[in-house]
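Two complexes are shown next, each including subunit A; its partner changes from subunit B in the first to subunit C in the second.
Then we have the complex of A and B:
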């Protein structure tokens, strides 16, 4: 049996930890806190409880839990919070990370394997963290004859484009990073960037497997964009708007999938192709062309591409929910915030804690987010499911499907929508309420 | 005083246009072309024409530029381009460009476009849409027919009979 660290001494380990803690504290006092003060001085601080929040007040209030909540409230109203945390990147990355783990475990269960098992005590739940640490610590190898600028930049732009897509998705009423009036067109514009990045990164690796994968990805994405756009026009015709928030809000009574099932099926199929999921995973066909356009990526560059792929998966699933499954609408299941905490405070024996600014989120927002996440997770499950069931199809079958069958079905969907509109069933002034 | 955003966009657009023509690497040239087309989308955004700007991104950057990239990557450039290194041609080209630009600029300045001041809101894309299907409908249908005809023609031209005779799929 081999010993990993033969010179290990517990006393030395503890001493090194204490040493690090000493230096961290010293540097925080000498450099960190003055730097934070200087930065805070230039940031426009909010007015809370009638007084301007200065850096000194901020530091003293951090020690008082009853005064943190107004600061948190003020922070949650900023754009930074929306971009970084809730409807934006952090929320989407959390769902993406969960998707990666669930996908591995689900596939294993479908194929009667165990999947990730040893990392973490329960069902390999720490596997994802281990994989992330491995990717970060790995060396990044650039092929000698690669086109270096493009090769370095491509994964970063890929993640950035996927994040831009995520930013357009409304999660709850009023909770959206970029509430664009022409949201759906913006989605088409953002989707158009993915093939460019794919083909450029594939070309820049200067290797034949990435290039073949990139060409396949280009064929697939460009030809499936057309049925993708056409299949969403039915919803636009019936709602009369391109704003994603308004489209989601228009489905308070019934979701559009009831009247436009053809469009939903076409959109779901094209979504699988745009995401390069099995059965359309020709660009990454691992049994034919190593790993397709990802072959030459190593270390964290591969990790970035993977993060971008799963962000894109979340964004497409969320788009399906917003357009066809009613967005955040659902029965009110979140209980209202207890009134007595607002009026009397929390009574714990002899101590009564009165906390100002307590309902951190409104009931509608929590309920909307809950339903949105439930529906999105359901759609993601149906995106993952074919991977355990279907084989990969040939490229000519793929293109045939996209150009002749899906485009035709998308037109059928448009005619259904127009028929419903002109028959006076749906749309502005229709029989059914919206 | 010009708008700094306008100046930056102008520099990006014109600079990447020159780069698209002058760069030796065809792939970098087509990336620069994407920069030009994106810069024009930025101009449309400045003009409050979000609809046109997003379509400029979706169609020109998303499809046309991809098509150009694809063509560049599939074709070996030694086969289709002969290098002609000629100083006189280059200077003649630059001089011709300058003459054209000065002439066009003089026409624009002379046309009185600088004197137009208006407070009207930008035209809504819904109005453009309803104009297209009411007043301009013959032009719309003519355009649709021409496009359909050219797509059919392209399909006919792209058909390969030698493959079909062997019983293989052509799609």
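Then we have the complex of A and C:
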């Protein structure tokens, strides 16, 4: 096999980064400065502490950490930051975008091809942006006989539900959007929404292929929710709590996958089915029913469904990490914050800058996030891998697997958990520490 | 479903009082239809799906599938979307200028689809082909069979949702396409066979390159067993789906790999050897199950057999000699008919040529394996699940463009 792609060269890599940076700076100057000046023309400058806040002064303040850091601190304490940025939507969307790129490159390597290569110059990292621009610029076509309000709103609800799922995931100690005591029940409730959205969108399209796809998705998701819920009961029995943060915190010594491997396998399999990944991608089987329940979506509506799908993928992988792989626990690898920055300041040439309130994040939080992200990426890798290896299975085989095999294994898992609990090995007051 | 056209302009009064007598009268009266057409009563549970002509799982054709839930109750293949009138076009061109367009139906298998025509024209014109040309033809035909089968296998992979099996054969096919490019100058649509031999002699050093590439190719396709043919999900999906028994395979007139997968040991290369196939050692691969798995496995085994044939042909080929007989310009055939058959990638491929003493053939009729295998589709799909439709349909080794000609 000949290799089409040229060899990787460091000089080319650096040159492409500089090239991109040059164009970004040039565009920012060409577009940004005139825009700012046009806006400032109409705005009356505020007077703060007796001095007129000119744009120049504002920029100077932006560069002054002693003024900007308290604002950042205050913003990070708000719920808005948690929902929008870190444990919430922004963080999840970043991982989802990375997942799409890694999936394409990983499959390409498996299949002896290059994958996205040209867009963004460096191994096609801007391919996703290009696809997004394409989807935004495409026309949204609504079928003439569709039930328009439901058809319009279905992708939006899909993304919203996926984001609600993301909100329940604790990323680091104390870093969770919604810390509910019945967190696992809330997860089941959110998962229960997906088949409803799917069947609503499929039915409202008023078309044959989406309808068949929607019915398949309904069958698949509803029948796999039962083993999904049952497989998680073992963890609940051993921890005695439904709070996801407490479940993650209970695995400081060992993760539950050591004692409940059967439950982990069942949960992983049902996860693949809930996510409609190959080999369980029957609702989108393109050679049978075009694109299943996604057939009539076009333009950014399709883009929204894809975004929701990958958010859901991240959320499921993160749930697996929280429940079975110990969440944020891991050896401390992040170095402690250098205290002398606070006491003595940073020496930058002739200037010694003292920056109060600098540790934006604690050491535990950074370490926890690092381990959480590493484990999640590992689980996502194993979710992506079957796509290169397996063909699609049939609906009767799928239902047979879900109803007879996985439910049985889930019960086996519950019995293992109960045995460990009553033998006094694990659980509250058990021999092994938690 | 019977729908009776009622009044198109409902007013407030008619909406308030439903026109029951009028509707009953309209329903009782026999609807006036053009002669030859009849209304069909269809169960309300049954949904009609048009799979194709624009569908990722159809190819250039339409399969009208009627499903009850997930089960197919009836299936009506509807080919003809890529009809090009090749046979009619052949009546307006002379025997030599027919060659480039007659290969268009299967551009991946263009040597094999030209083979019976060329053999027939040689018999009509009374041309004796040189020995070396016959070997070159056999090598080209076997390479083309592999190229076609790899393309077919790639599509079979993606029809079952196995994207790796789509990319691997499509990539490994390049090996043989490079060989064909060296031999004929074109990657597809070679137009290499002519009455009286082949267009060009082999390039220098071709035998070594060919042997090396074919050996690597065989090693490569043996790896497909690991990821595709031994895959438990694939086996459970295709085993015992669309079973075609031995009697049915014979009665429906299927050919090629479909027939051999049902347990009939029939191969034109072996039963009626043409050119030098009688001097080469041709083994046929026969499986008795007759299901989709057997039908998908037989072409893969045939590819390995093709590699063997190519190797033995490379050994026995005369090292020198002419590969083409010089023909008169615009040759004329006598008042004669001729029928020649070869084994193509999709089964027996026949060509019937009627000559009336003019430079153009009076009639050229091609009997292709694709169309004869397609006839089995409604029988195989009846009662199957909808998810089995791509697995059964593409296992029939059907090429829509060839069937329409």
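Structural remarks
Quick note on the criterion: the second predicted complex is superposed on the first by the 371 of 434 C-alpha atoms of A that agree within 3 Å, B and C clash if a C-alpha of one lies under 4 Å from a C-alpha of the other, contacts with A are read in each partner's own complex, and residues count from 1 in each chain.
To be clear about the criterion, a contact is a pair of C-beta atoms (placed from the backbone, for glycine too) under 8 Å apart; a residue touches a chain by one contact, two chains touch by 3 or more.
This structure is a prediction, so every number in the text was calculated from the model and none was measured.
In this superposed model built on subunit A, subunit B and subunit C occupy separate space and fit side by side.
Look at A:396: by the touch rule set out above, it reaches both subunit B and subunit C.
Looking at the shared chain after the overlay, A:195 reaches subunit B, while subunit C stays out of its contact range. Residue contacts after overlaying the shared chain place A:182 against subunit B, while subunit C stays out of touching range. In the superposition on chain A, A:43 makes contact with neither subunit B nor subunit C. Once chain A of one complex is fitted onto chain A of the other, the partner contacts of A:348 are absent, as it touches neither subunit B nor subunit C. In the superposition on chain A, no contact is made by A:144 with either subunit B or subunit C. With both structures placed on the common chain, the touch criterion links A:112 to subunit C but leaves subunit B unconnected.
Looking at the shared chain after the overlay, A:10 reaches neither subunit B nor subunit C. Of all Cα pairs linking subunit B with subunit C in the superposition, the shortest spans 8 Å.
When the two complexes are laid over each other on chain A, subunit A has residues 396 in contact with both subunit B and subunit C. In the complex of the two chains, the subunit A residues touching subunit C come out as 1, 107, 110-113, 208-209, 212, 278-279, 281-282, 285-290, 387-397. The touching residues of subunit A, counted against subunit B in their complex, run 147, 150, 180-182, 185-186, 188-189, 191-193, 195-196, 199-200, 203, 211, 215, 218, 222, 225, 396, 399-400, 403-404.
Those residues of subunit B that touch subunit A in the shared complex are 27, 31, 34, 50-51, 54-55, 57-58, 61-63, 65-66, 69-70, 73, 169, 171. Considering their complex, residues 47, 49, 55-57, 70, 157-168, 171, 227, 231, 233-234, 236-237, 385-390 of subunit C touch subunit A.
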